[in-house]
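Let me give you the structure first, and then I'll get to my questions.
Order as written gives the chain letters A, B, C and D; numbering starts at 1 within each chain.
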Amino acid sequence: MSQLAKQPKLRLATVWLAGCSGCHMSFLDLDEWLIELAPRIEMVFSPIASDTKTYPEDVDVALVEGGVGNSDNLALIHQVRQRTRLLVSFGDCAITANVPGLRNPLAGPAAVLDRSYLELADGSAQWPHAPGLVPELLERVLPVHELVPVDLFLPGCPPPAERIRAVLDALLRGEQPLMEGPEMIRFG
Amino acid sequence: MPVPSKPESFMALEAIFLRHHRSPDSLIEILHHSQKFYSYLSDDLLRHVAARLQLPLSLVKGTASFYHLFRFQPPARHRCVVCTGTACQIQGAPALIAAMEEGLGLKLGARRGDGWASLSEVRCLGTCSDSPLVQIDDSIGRQQTVAGLRRWLQELEP
Amino acid sequence: MSGLRCCASAGCLARGSGALMGALETAISRGQLGDQIQLRPVGCLGPCSQGPLLALDPDGDLYAGVDPQDAETLVAALARRLHQSSDQATPLEWAPARGERLDLRAPFFQRQRRIVLEHCGLIDPTDLEQAIAVGAYGQLERVLQGWSPEQVVTELQRSGLRGRGGAGYPTGLKWATVARMPGARKVVVCNADEGDPGAFMDRAVLEGDPHRVLEGMVIAAYAVGADHGFIYIRAEYELAIERLRLAIEQAVDRGRLGAALFGTGFGFTLELRVGAGAYVCGEETALIASIEGKRGTPRPRPPYPAELGVGGRPTLINNVETFANVAPILREGADWFAAIGTAGSSGTKVFSLTGHVRRGGLVEVPMGTSLATVVLDMGEGSPHGSAVKAVQTGGPSGGCVPADRLDTPLDYESLQALGTIMGSGGMVVLDQSTDMVALAAYFMAFCREESCGKCVPCRAGTVQLHGLLKKILAGQASQADLDQLETLGAMVMDTSLCGLGQSAPKPMLSTLRYFRGDYLARLEAP
Amino acid sequence: MSVRTLRIDGRDVASADGATVLEAARDAGVAIPTLCHLEGLSPVAACRLCLVEIEGSGKLQPACITPVSEGLVVHTATPRLREIRRTVIELLFTEGNHVCAVCVANGHCELQDRAVEVGMDHARLPYRFPDRPVDLSHPRFGLDHNRCILCSRCVRVCDEVEGAHVWDVAWRGEHCRIIAGLDQPWGTVDACTDCGKCVMVCPTGALFHKGDSEGEKHEDPSRLAALQRARHSRQEAP
């Protein structure tokens, strides 16, 4: 085995910002390879594989799904950046704002909130308002790299499981994944 | 559905069409006259011009909309313009724009819904020695101060 | 006999020269002095920042800022002198209550050499007879009656005249190229779409001496074998348009335009085309499209207008000032012209001197005159005790010359070496109060707005560049943003389809070159 | 027809006089990316993707309109050109709202393909998120301005091939927009023959068949050239 085997396990995190969780589902589509992966990593933070609520220190690799759409996302992404060696923008929402970003041309969150909570409400139409509990929407949903430096971009909506595997494989070998060609960088 | 053009209502243009032999290359000249006679380029007017010059509608609108000076809605009663030529820009145009926006309650490039006033910029009136310049309707304000502009705007007829 | 010449160009009219002329006229007719005092509206007299300007003949004095209320006393003083003495050289005993008599020994006047503007300010631009009296159409007549077209082209080539619209392409070479093209139906176009903000040289020439430009065009048509022409002028120049229309009518009536000129077989017709607010139409191929009644979008060159121009015909396009140089070159000879200015840039150049300068206006100086001479001596530097920080030339396609480089001579190559261009002649003086980053953002906003939208780098690139500049202005940019600004700027220059996009980043890159500190000071702390 | 010999990326290429550098390169198997270009339509050289370096020329030249000439030495894929192409694609992606995941053309989009070719794994420039409309007034087709890259193929095919000139480009600069008729709903334009050629030549999902869902637009713009050839040969036949 490679150097990594001698070293402590790779401390991996997956982060879910403004996205549909489809990228995480695609991660789960790795099926039996996940079993191969398990002994080689330590999953230190993840909405699907960890109960930890606080993003830990000293993370090797973070797969960040989703754009930055609300105040919680914003706080978390800065924390992730500070505490992570290799930050991967994981999927189109993290890289382009993608579907969550469809609200961006509407100039502010009011139009979205009106539509969702007032116009389409079945009853008791009102904006959600619970400071400290319900995070405030930002003016725009932004790609991660417009806010913090990103080390690797893993496009796709969602990125196919094979693409995710190719990236993780390379990272586990201590190599820089080769991000080129339709198999690796096609959006959508 | 397209409204049939009403040639009788655009008779003033006939002499202009004739002078230019209804040639397609006279389109911009024709549009100038159209706007002069009828104050703006309505869809009916553009349809009429297209028919008389035998040009596609999209070409006529595409051409007209390329040029800043053509209007597609009636001009506002008070047309407020700030010159943003270089000489004006470095000698106070930004402050004049701010004063205009505040005094008129309009953003640059906007026209009030009721047609009372519009606010726009022009890239150099060519009399830079008097910068900064503003123009309200047919009057030019030379070496315009913000205070003077505020007074001027207050005096505009409602 | 006394003469009063009152500037009737747009600048002085805006400063009340119309009222002044009215008051003078009233005073003259009340005194029944109409046959002794000749009052003429004339073109630009120079120091526009002091208008309205009034010149007195035969004294040659120039008065600035004269109030209409002074008309009575002026006319009375003239009448007194006319009665008292037959010697009109006696100094006039009069001083305006407001305004002043300008000292013509000042560098502003002394350092000028007026060739293009030689008759501007002397003649009534609405009176063809006055133009003819000072020689208008004389060179056309001489050429038509004794010169071959080749001789005219050769003379122009020998003169070393270069295009005054900005790029400085050799005029004679351009004429020779069009002359060589096959076909009898060629076109001559005068580009009067003076779009650079802060530039008004062409406006002044057209308002002050329109026949000079027409004569240049007809001579060019004869030289290249054209039978039809267009003057494309920006719509904002209402007075110039009015004067040109009148001048064309007069020239047709007097047989200076039309068929069989001066009894020869050569004829030339001319149409005026008024733009509709599009800076990009100053670009030759866009200008052609606009003359043809289309969207003013440029197309790739080649083919050049000389091969494929208006209506598919070989077309010669020159700027107003270029055409205005033609008659004097033929009158005085190519050698005379080539001896003025520098070896590579012959003749004179008209500049509109504006911005933070004490004495602004229209100046014509020999090529090679230093910027310092124009800005510091003639313009007398910046007012209010401030010092000159830089001089902007070439408008949105040009750049800045910093104060420590003002010894640079005004010629095409020297300015290019500094990262700017001669341009059409706009010269905006910037004092220490000027924020160079804001100025760069201003020019980028201009290009963003004036981009025709056809090619991607200019349409979308100027928007991104403007966004980056705004980010820097807001103090939110990092060193990475500054790097991106420079990389993207270079890309837009390299890849845009026409001159607008290819030069749009120039003002910004120029300020980065000389005032990088202004940018760095605004970056976020890393 | 005489033949011209030129060098493209170090290979000697023979090409018919009058051909463009783009044609010569493609015949020789050298791929130069394009977007606004389409065989069968007049070239406009607007997207700038096909810019190439020509030795002895200080300026980059668009391959789609540069004619071949004897001894021409062309470089089509230098690092400088690669960087330019990626930036052009990034400018296009950030200028509109290109959401591949929900686009009818996903998987069959020339813009998406070019993005892969130029190696765009993310846009280094900020997205602008413009507010652009969608026109669904035509009974059979739709126009989503969010996905339009202003290549003007639709304008040209409608004018040059169909002869209807329903489309044109209006306004200017960043405000440029494809318009139908007098900037009216497409479905209300009498001149439209419903032929669908504009949909066929559109390189993205901007023009589409109504009812097509994500990834269901499978047009083949190169059919236009075949159509042109077929018409041409019929006209020439006795």
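The criterion applied here is as follows: a contact is a pair of C-beta atoms (placed from the backbone, for glycine too) under 8 Å apart; a residue touches a chain by one contact, two chains touch by 3 or more.
Note that the coordinates shown come from a computational prediction; the quantities given were computed from them, not determined experimentally.
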{"item": "Where chain A and chain D overlap in contact partners, by chain label", "value": "none"}
{"item": "Far-end chain from chain B, centres as C-alpha averages", "value": "A"}
{"item": "Whole-Å gap between the CA centroids of chain B and chain C", "value": "25"}
{"item": "Chain centre separation (chain C, chain D; CA means) in Å", "value": "41"}
{"item": "Chain centre separation in whole Å, for chain B relative to chain A (CA means)", "value": "50"}
{"item": "Distance from the mean Cα position of chain C to that of chain A, given in whole angstrom", "value": "59"}
{"item": "Multi-partner residues of chain B (at least 2 other chains)", "value": "62, 66"}
{"item": "Sites on chain D at which at least two other chains make contact", "value": "126, 169, 171-172"}
{"item": "Interchain contacts, given as pairs of chains that touch", "value": "A-D, B-C, B-D, C-D"}
{"item": "Chain D contact footprint on chain B (complex, rising order)", "value": "1-2, 43, 46-47, 56-62, 65-66"}
{"item": "Sites on chain D touched by chain A in the complex", "value": "93, 97, 99-103, 106-107, 112-113, 115-116, 119-123, 126-127, 129-132, 215"}
{"item": "Touching residues on chain C, where the partner in the complex is chain D", "value": "278, 295, 299-300, 448-457, 459-464, 467, 484, 488, 491, 494-497"}
{"item": "Chain A residues within the chain D interface of the complex", "value": "89, 92, 95-99, 101-102, 104-107, 140, 143, 145-146, 150, 153, 155, 157, 179-182, 184-188"}
{"item": "Chain C - residues contacting chain B, complex", "value": "10-11, 14-15, 48-49, 51, 194-200, 203, 235-237, 273-279, 290-297, 311, 352, 354-356, 360-361, 392, 395, 426, 428, 430, 434, 439, 442, 446, 450, 452"}
